[in-house]
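See the structures that follow.
Look at the two complexes coming up: chain A is in both, with chain B in one and chain C in the other.
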Partner chain A sequence: MWSRNALACCSKQSRAACAQLRSRTLATVTDAAGPSSAPTSTPKASPSRSSKASIQAAVVLNRSPIITRTPNPLERAYYAYQSRIQRALFNPFPDEFYFRPGSILEGQFNAEEKQREKLAFGGPSVKEKPIQTLVDSDDQVGKQQQQPMPRIHEADIKGDVRSLDRQMERNLYLLVHGKDSAGKDVWRFPQGGVEEGQALHQAAERDLYAECGEDMDTWVVSRKPIGVMEPSSASASSPQAYVFFYKAHILAGQATPNGKTVKDLAWLTKEEIESRVDQQYWASVKDMLSDS
Partner chain B sequence: MSFALRAVREATPPLRVAQSSVRYARKDAGPDPRVEHIRRALYPGNIRNKETPIGSWRPNVGGRLQRAIPSVQAHETIERAWFLHQRHVRKRREAELERKHRFMVRAMEVLHELDPKLYKQANQEEDPRVRRPEEIELAKTLKAPEKRALESRIRGLFPRELRVPTDTPPRSGWNYDWKPPFPRV
Partner chain C sequence: MSAAVTKVPRHIAPPAAQSIRPTRAAPRIRKPLKRDERGRPIPHVNVIVRDTYACRLSDHYRNTLRDDLMYMTYTHEPNPKPVRPVPPRFDPNDPYAKFRYNPPLGGTQSFNVPQDSVTADNIVQLERIQLHTMAKEAFGNRSSLLPVIMAFRAISGETEHSGGQRTVEGVQIVKGKQNIGGWTRLGHPIGAKVDLKGPKMYDFLSVLVDFVLPRVRDFRGFPMQLPSQALTLPHSGSGVVSIGLSPDALAFFPQIEVNLDAYPKLFGMHIHFVTNAFGAGAQNRARALLSGFRVPFARV
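Right after this comes the complex of A and B.
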């Protein structure tokens, strides 16, 4: 029978082997990506337990992508290749079952099929289906197919950063132009204090509504914060504010600035946030945001 | 290879897989061929020596496949390139998730150091069945549709309105005119 020690040894060895294997894997894009994905090597000093440490709650309000990612050329080529193979192998369509012989719909379908074959195989190697000439006048022509909406909105063309229809493939985050704890006018995430007896996530939600209006259907994902901004030790101001960020999704509605603490809003992607925000703030905040 | 295995491998597949009596039961179709079409659609033939009307088996598969793919080696290379690409995408996604998770763990550590009470509150599990007293009070003052809206948002579970991304956006676009149906609790 296995002794407990032997079993523990085995699992440890396999774990070590797994770790080794993982480090010796094929070259991946992330290895070549550079420092952005490498783990931060800053020393993780524990925060000072000063009684003056104040806690603030902030919200990273995210509008999730509305449309799917655009396929890159490799993916497009592969999908075309696979659909050609599928077209070669699938059973021929039983159009005698679905269409009345000689109807307009059948003619339409045959024309579309010919087009699809030509697109897939690219040549006059298509077996002609016999189209009967007699046409039934009582047949109803198929309903005009509605064209789908374009993937680029006019807000993309105009560059309207207040619009929620912009950059539909990407994750948009709400950035707010207002005063931070030091009193400077900066672009930051909506932020506010925590009252007594209130949980952090409730405080975050309340601060969001206080700064950006109540006409938003939001959902705070979890009770746990997704990130923290620790105050730099070299800051001149003595009250050390730790800002805990909470992730929320916006499902409907629009944010409106309250005019007092917040003057302007913008819905921005990760790169656009980088260009608008302070260097120090960006360093604390960038690891919470989605790249895509 | 053993003789038994070789015998199994070299055996030709049967021309007729199974007898299906309904397929061959030909009641007189008469002037209306539609019944015949329906029967053929429902009960496809199993004889694999000709192109059947509903095409349950394609005999010219070899030729069509030769036109579809350049060669066996090319096909295998394409498959390998695809799997490598998928691997890159997966690794990128996993790296991003791992980075976010590390940041979250750090935030929880800092919270634990700063305020153990808030930390404990953050770690509490949400019970979706529990209703807070303020919510019960609010529900008493609401009308039926508003009460339904209140009850549909369950704490700890994700909302139904979180939309799955599609290939093209919705016709109505983003709903900018949303107003809260009931005052917030």
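Right after this comes the complex of A and C.
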């Protein structure tokens, strides 16, 4: 199931967040980062909070699904049923247009087609394996040995969360283990501060590069953030930050932790992220992540 | 979106069935069906073929492209400008204009309307693909359209009312609409076209992108306009992206390649990608969607 609510929530949340930010005087937030600006413009909004809050940019780095989703039993039964209807109704295949009459290829095709027909409408006594055709060559032997690649990667069996090949049917997101804006060791998305005069989307790209290394090609999807995490009112004493999230895709390579701010990393699905991050962080990021 | 569905690890699910074998034997026929005038059995119900497999590109659109396109096309307008009312062409109080078609002054300007605010429900989406070609030889010799029709049938897999779908038109013959000397004649067949929708549309797109375009010689991408071009020109305000394929590219379709000798002559074609993008900058949004499906565009 695809998260329609995620899309709706993201846009709504970011819009609501921006509206809130405006009412809380965004200018004071940026002023806090750069002490050179005039503090006189700060209006009545809670002064202890706005003096400490800063802006940070984070990147939700996504690895898209590599293979199609495995259909569930109902879907499989449905597709099988529809395929049989299609086979029963389709127009006759123009053999003479595609094969020279009496050629080996035509005989092979007809034999295979007969077997397929039998599989579709024959009943329970039909064996699953197709009957060997009379034509026997090296190609046939090679075809028999060909098997589709497994849909489960070694990384899934080993439980290697750093591998990009795990959970091939799902959207994966890069989570890093490092210090957050308050200096605590947490699991979070790659993030960093915004320098004076730097655009937010450029800051996001630079921070991802700084934390996860140069060994990968990424693409930040848009210049607009997809969501924001506001500082919690509970921990008013610690330094606080508005974290703006950007969506990005990994195109090639692999992330490598820089060892300083980031110690470890993991490629996780939405459910796995929930168990690693704290409650407040999860509440603000969960609608940006895809359920599929 | 129940929690139970998301909690089940999907890679544990059994692999897809290898065959389309029924679960049990078909019931014995006790009373034969009625036959129509051509001897074909008439079923008791209207049998319609629906999807027979999960479509890869359609999944890709739902998983990845839809989110990305929303983020890319979203415009942040906290305080939208009020729309200036355009007076109608005729005075609506005038009794002479009471039942008359009364468009706004200066035309409807549908290509000039600003983009609606982007929500999860109106993200740009591929609606259909139309293949179209004109066979000039058909002007003198109607039967020269036959290979064109055969090739379109092979490429698209569409036939008229295929799978009992009433709206599927299959390959259609295009007839001349006017008399123009040496070019068209009224009512004379001069070309063929086929509309693709749904899974077959995505199949065609993946074949085009995976097998055909990488093998076209000296191909750097489909040309597009300079960035300086205004977004409110009639062309930029349309959500239809049209590209052209040369005759030698036709041989790269696997469906044609398998018996290339059967076609006496290769022909080029127009491919129209019809999207639901509308209004100013719609062409750019439609191209953004297509490049998400790996159709290459380049400024030349």
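Just so we're on the same page, the second predicted complex is superposed on the first by the 197 of 292 C-alpha atoms of A that agree within 3 Å, B and C clash if a C-alpha of one lies under 4 Å from a C-alpha of the other, contacts with A are read in each partner's own complex, and residues count from 1 in each chain.
Rule of thumb we're sticking to: a contact is a pair of C-beta atoms (placed from the backbone, for glycine too) under 8 Å apart; a residue touches a chain by one contact, two chains touch by 3 or more.
All values reported here derive from a predicted model rather than from experimental measurement.
Engineer: Please work out whether A:76 is in contact with chain B alone, chain C alone, both, or neither, and reply first, second, both or neither.
Structural biologist: second
Engineer: Once chain A of both complexes is superposed, is A:97 in touch with chain B (first), chain C (second), both, or neither?
Structural biologist: Touch partners of A:97: chain B and chain C.
Engineer: Would you check which partner chain A:68 touches, where first means chain B only, second means chain C only, and both and neither mean what they say?
Structural biologist: both
Engineer: Considering only touches as defined above, state whether A:170 meets chain B (first), chain C (second), both or neither.
Structural biologist: It touches chain C, and chain B stays clear.
Engineer: For A:111, decide between first (touching chain B), second (touching chain C), both and neither.
Structural biologist: Neither partner.
Engineer: Does the superposition put A:182 against chain B (first), chain C (second), both, or neither?
Structural biologist: In the superposed model, A:182 contacts neither chain B nor chain C.
Engineer: Quick one: is A:84 in contact with chain B, with chain C, with both, or with neither? Answer first, second, both or neither.
Structural biologist: Touch partners of A:84: chain B and chain C.
Engineer: Give one of first, second, both or neither to describe whether A:230 is in contact with chain B, with chain C, with both, or with none.
Structural biologist: In the superposed model, A:230 contacts chain B only, not chain C.
Engineer: Thinking of the overlay built on chain A, is A:209 touched by chain B (first), by chain C (second), by both, or by neither?
Structural biologist: Once the two structures are laid over each other on A, A:209 reaches chain B alone.
Engineer: Quick check on my understanding: which residues of chain A belong to both its chain B contact set and its chain C contact set?
Structural biologist: 64-65, 68, 75, 78, 84-85, 87, 89, 91, 97, 121, 125, 151, 168, 221, 224, 226, 249, 290-291
Engineer: Which positions of chain C touch chain A when the two form their complex?
Structural biologist: 1, 5-7, 10-11, 13-26, 47, 49-54, 56, 59-60, 62-64, 66-68, 70-72, 74, 76, 78, 118-120, 123, 150, 159, 162-164, 258-259, 262
Engineer: Where on chain A is chain C touching in the complex?
Structural biologist: Chain A reaches chain C through residues 1-8, 11, 15, 18-19, 22, 62, 64-65, 68-73, 75-80, 82-87, 89-91, 97-98, 119-126, 128, 151-152, 156, 167-171, 221-222, 224, 226, 247, 249, 270-271, 290-292.
Engineer: Okay, in this complex, where on chain B does chain A touch?
Structural biologist: 33, 37-38, 40-41, 51, 53-58, 61, 64-65, 67-69, 78, 81-82, 84-85, 87-88, 91-92, 95-96, 99-100, 102-104, 106-108, 110-111, 113-115, 118, 121-124, 126, 153, 158-159, 161-163, 165-171, 173-180, 184
Engineer: Residue numbers of chain A touching chain B in their complex, please.
Structural biologist: Of all residues in chain A, those touching chain B are 26, 28-30, 33, 37, 39, 44, 46-47, 49, 53, 55, 64-68, 74-75, 78, 81, 84-85, 87-89, 91-94, 96-97, 121, 125, 148-151, 153, 163-165, 168, 194, 199-201, 209, 214-217, 219, 221, 223-228, 230, 242, 244-245, 249, 251-254, 287-288, 290-291.
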